[in-house]
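Below, chain A partners chain B and then partners chain C, in two separate complexes.
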Partner chain A sequence: MAFTSFNFLIFFPLVLILYWLTPGKYRYITLLIASYFFYINVKPVLALVLFGVSAAAWGFALLMSGTRNEKKRRTYFLVNIIIVLLPLVFFKYFSAINNALLKYLTEIRLNWPLPEMRFILPIGISFYTFMALGYAIDVYNDELKAERNPGIIGLFISFFPLILSGPIERAGNMLPQFRKAQSPDFALIAKGLQLILWGYFMKLVVADRIGIYVTSVYSHVEHHNGTSLLFASMLYPFQLYADLGGYSLIAIGCSNILGYKIIPNFNRPFFAPTMAEFWRRWHMSLITWLTDYVYTPLSFALRKYKVWGIVCALLLTFLLSGIWHGATMTFLMWGLMQGIFLSAEALLNQRKSIIEKKYSLEKKRWYIVAGIVFTFLMFSSSMVFSRAATFHDAMVVYNKIFTEHGPLFVGSPSTMIYLGCGLILLLLKDFLDEFYPHKIKLFDNDNTIVRTMSYSAIIIIILLIGVFDSSQFIYFQF
Partner chain B sequence: MQEREIAEKLEASFRKVFNMNTLEIKREMTANDIDKWDSLTHMLLISEIEDTFEIRFKLKELNRMKNVGDMIDLISEKLQ
Partner chain C sequence: MKLFQCIKQNKYIKRTIHIIFLLATVAVIDLALGNLLENFYFKQKSGWLYRTTYALNETTADLVIIGSSRANHHYHPEVLSKNLNLTYYNAGRDGSYIFYHYAVIRSILKRYKPKVIIFDFIKTGFKPSQESYHRTAYLLPYYRSHPELRDIIETKSTFEKIKLLSRIYPYNSMLVTIAAGHPALHSTRDGDNKGFIPLLDKWNEPLVSYKASPCYDFDKKEVSIYESILSDCKKSGIQLYVVVSPYYYKHESPDCSVVEARKIAAKYNVPFFDFGENQYFLDKPYLFDDSYHLNENGARVFSAQLVEAIKQEESKTYAFQSNLDQ
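Now for the complex of A and B:
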């Protein structure tokens, strides 16, 4: 049940009514049942995997906190991690490993006919696995006390607004909220509705419209010239931002309406003047998760190598992030590129700050703009690998961008016009929020008329130029 | 080592890592107060502190340091 489906528009208000009708103490049970109903709707049998991961996370955390014997604690911890990770590794990498083995066996002429086995990736499995892992690590590190109530852990891992694509929440933030009996917070509800509306705008007006163009170009890279490929490659980061960012706002908004505060996932990423700053603003819940549970232990272990230890930790963390996105050469390359960009920045940091200080560049407008443009170009160049279907396609894209110019492929003019309108509106809002916060207010203007007009305008725009043929959200595949 | 002495040595480490010769640290200072203090420079700082005071931190202890004051306290705990 995607947020953009008709079913969700019925499901959510129904859950909301049931939720508020339930006595405060038992509201988490209503949410738990609703979350499993939501998930079972995707594919019933896969709810068993979700249940298994939740049960393991709950049980092993209790075992870990029940003993002071360090050896035992460590064993419980390792078994916990393996059990929680096993389904993700199996569903995500079985085909890739199987194909690689098959290819190798064929090469050495050791092959026999085998029935092809295909598994669909249980939707949301990466996201709830990360949340369960985070909980296990926090309990092991004594950052968090183990939760006794299996219902609370079950809800944390299956919470329906977040399960399909995050934000990847932390037990430390969510468990106290789930334990507390929530009562309606009208300011939070209003905020939630606002986020949902903007989320739908981002997804339906911007992401899916850009998607039409990018898909038509990227599905036949050999038929398009470098100009069109360059244009599509520059558009794709915006599509992904509007897609995952829009999804995240709807997820956060739904949680707000239920009374829960959720960490943000994006913070106007395209106004970041450096790559390091960009990654503090893009898919933030994944990056902070990777920072805390992968990068920090790695860089800590390698700290005696100083800046080279950090470079190594960065490369490994982003390679892992790439492999998580997919066990393909394209995603590996994507991860490697992020690691290289960030490492180069870290290595040049000292020298850069000396020059910045000498010419007092940091406050100069042209310098900030140049940084923003350069960061965007680096990121979009890496995204060619994330969007291209195969490594070969990505190489064709690069090659044509530099060698084959010609007229821009337009497709249908309406797509271009709507695409431009949506994107300009989205970037304009981000621009005002970034550089003129509290100066030009539309959605939170004190004047009711301005506020109502702004909301109405967005609703009309969504209804008029939104794409309603219901494509999926990009991150559902991860 | 007295707290004042620790703070002075710590300040020198901060100045070296962040390349800011006039930086003055305060107990309540956090990563938000220094632009260049991010997850990358943090580990350089940790390693610099370890070398300066000849101590070794544990991974778990990193999470305990929420501001400069926590850092000073942990260093003095380790030196005893």
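Now for the complex of A and C:
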């Protein structure tokens, strides 16, 4: 069930009541059952994959910690990694690999005896696989003790607020919290409710409204001119931010209400003045995961090549990020573009710093604004690959943006008005939080009336212009 | 005083009071704003929201056209009205599905009995689609005032009754449309011709021919609603015609929904006219606005052909009746 479904609004309070009614040391069992119930609602049989990954993560971690023989430990670790990765590779990449092989064999006139097979991707598999992998790596590196209780590991990997689209949590943060009996913390509950409300605003008012426009343009790229395609391409990053960002806030908010503290996933990314800073603020849980488990070991291994080692590590890390999103040429290109942007920044960083210091640019407003705009343009240009259905469509979009201009496709004027209202509110809040964090307080105001009116206004705006009965969250597909 | 201090000190009670205060504030704003929106909604005198209200509450036309955008743009009022000698209203609405269509028929039948109803059936009309349920949202503003529509509206989702506790919810995403429909602004809108909206472009793309696709499972609710449309009209003594109007694309095999709809129509003895892949129209892209919709010229030509088909059907029925009388 999606967070935006009415079912969830019934499911969550019920779980909450059961959770607080359960004696402290058994609460993880209530959450584990609720998590599997939540997941089974998507597609029952796919819960077996989730169970298998959890069992492997638990069992092999115990085996690793139970031996001092380094060779054995390494073998257990490798087998663990393979078993945990196997479902992801099979479900996510089998069709792509199979189709590529089929195409190649047909080209060289060799018959391929098997018919084409298509599998339903277990929802959230990319997220829980990374969580399980992180746990295995941490145990192998002796950064974490193996958990003996299978229920705790099962809950860590299947925790319902996070399972469908993250944030990709770390065992080091979650396991101690699951072991401890949580008691109601009103400040955390209030914070959680606040995050949930803003998450719904981001998803229903901003993301889904922008989605109506972007989908109508990107579904027929051949029928739209460059102006409309450019506008849709500039809007898409905001849609994605509001979609995954909104989902993350609801997930974090629900966890807070249950008493758990979760890592943030976004930090006002559109106010980042450089690509490096942007990636420290965008999908932070995935990026820190990739940094810790891929980029850092890679750059360490390639340290003798100095800056070129860093460039190489960046390119490989973001190529992997692209592959994580999907086994398509478009995502590969998207990842490659991020790698190139970041590498270019890394290579120019020293010279840039000298110029910045020489002319004291760092504190000049126009320089910061220019950096923010330039970063946004770079990111949104790369997102064409992420949004286009095929590589060909992406090339059509780029081509039309530079060659074919005309009147902007408006579709329904009311969609544009609601879209504008939602986006302005979102960016205004982010702007105030970024540059005037303590000047204007609405949700955190000490005055109960101001606080109540702020919450009420958001609820009323959601009811008035939120998109109900809409599509799923974009990141469910990953 | 003591009680007040106790409340002030107890954080549980304090938080509970804050939550109650918030809920009460939201409820008051919801009620006030919802009533305001309702008032403005029913004051409209133009636009598609108004046309739904008019179809449900006011029309007394002899001939009523029911269906989606294809119904709205394909049945020309002058041609049908003049040749069939009936007053006309087009209750077709863009993006509507069979649940909405049945709701319009139900509301009309509650008030009066039109002489003829033309129901425009679309290809894949019985194909399961969440969209057909979601689009019953068009009827939400009528939930309170039209008890006969409630069970149809409740098919939208299991929790529709609860959602409708909010007075704003029925007017979700309608703010701008309602404002534009205010009598002070509605003169800026394009007018309709007895509900009919003509399309004015000319299609110039080549004809697309789709390969035969395997038949799909039908949505049982949609099939049962279709049967209800047929049986309700029959019980009320209304002459119903089910029509598949022209498309500018074709399939190698007939659409399963159309085949099923024809079969059911035959069971209820309701005339069924299939112009969906009529060669006359497939040869003339200039009669279309896009591959799904006829333009105004196309609507005139199609309506004239439909009149002929209806007259032929009437004469057959008349001859059959005469034979029975003799």
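What to note about this one:
What we mean here is this: the second predicted complex is superposed on the first by the 474 of 478 C-alpha atoms of A that agree within 3 Å, B and C clash if a C-alpha of one lies under 4 Å from a C-alpha of the other, contacts with A are read in each partner's own complex, and residues count from 1 in each chain.
Everything below uses one rule, namely that contacts are C-beta pairs under 8 Å (C-beta built on N, C-alpha and C of every residue); 3 or more make two chains touch, one makes a residue touch a chain.
The model shown is predicted, which means the values in this text are computed figures rather than measured ones.
Legend: residue contacts after superposition of the two complexes on their common chain; A:Q350 is shown touching chain B, with no touch to chain C. Contacts of A:G309 after superposition on the shared chain: chain B is touched, whereas chain C is not. Once the two complexes are overlaid on the shared chain, A:T452 sits against chain C while remaining clear of chain B. In the superposition on chain A, contact of A:T390 is made with neither chain B nor chain C.
Contact with neither chain B nor chain C is seen for A:N399 once the two complexes are overlaid on the shared chain. Once the two complexes are overlaid on the shared chain, A:S219 sits clear of chain B and of chain C alike.
For the contact definition in use here, the chain B contact set and the chain C contact set of chain A share no residue. The part of chain A that touches chain B in the complex is made up of residues 141-143, 276, 280, 291, 295-297, 299-300, 303-304, 306-307, 309-310, 313-314, 342, 346, 349-350, 353-354. On the chain C side of its complex with chain A, the touching residues are 11, 15, 18, 21-22, 25-26, 29-30, 33, 130, 134, 137, 156-159, 162-163, 166, 168-169, 171-173, 175-177. Touching chain A in their complex are the following residues of chain B: 19, 36, 38-41, 43-44, 46-47, 50, 59-60, 62-63.
Chain contact summary for the complex, chain A toward chain C: residues 6-7, 10, 186, 190, 413-414, 417-418, 448, 452-453, 455-456, 459-460, 463-469.
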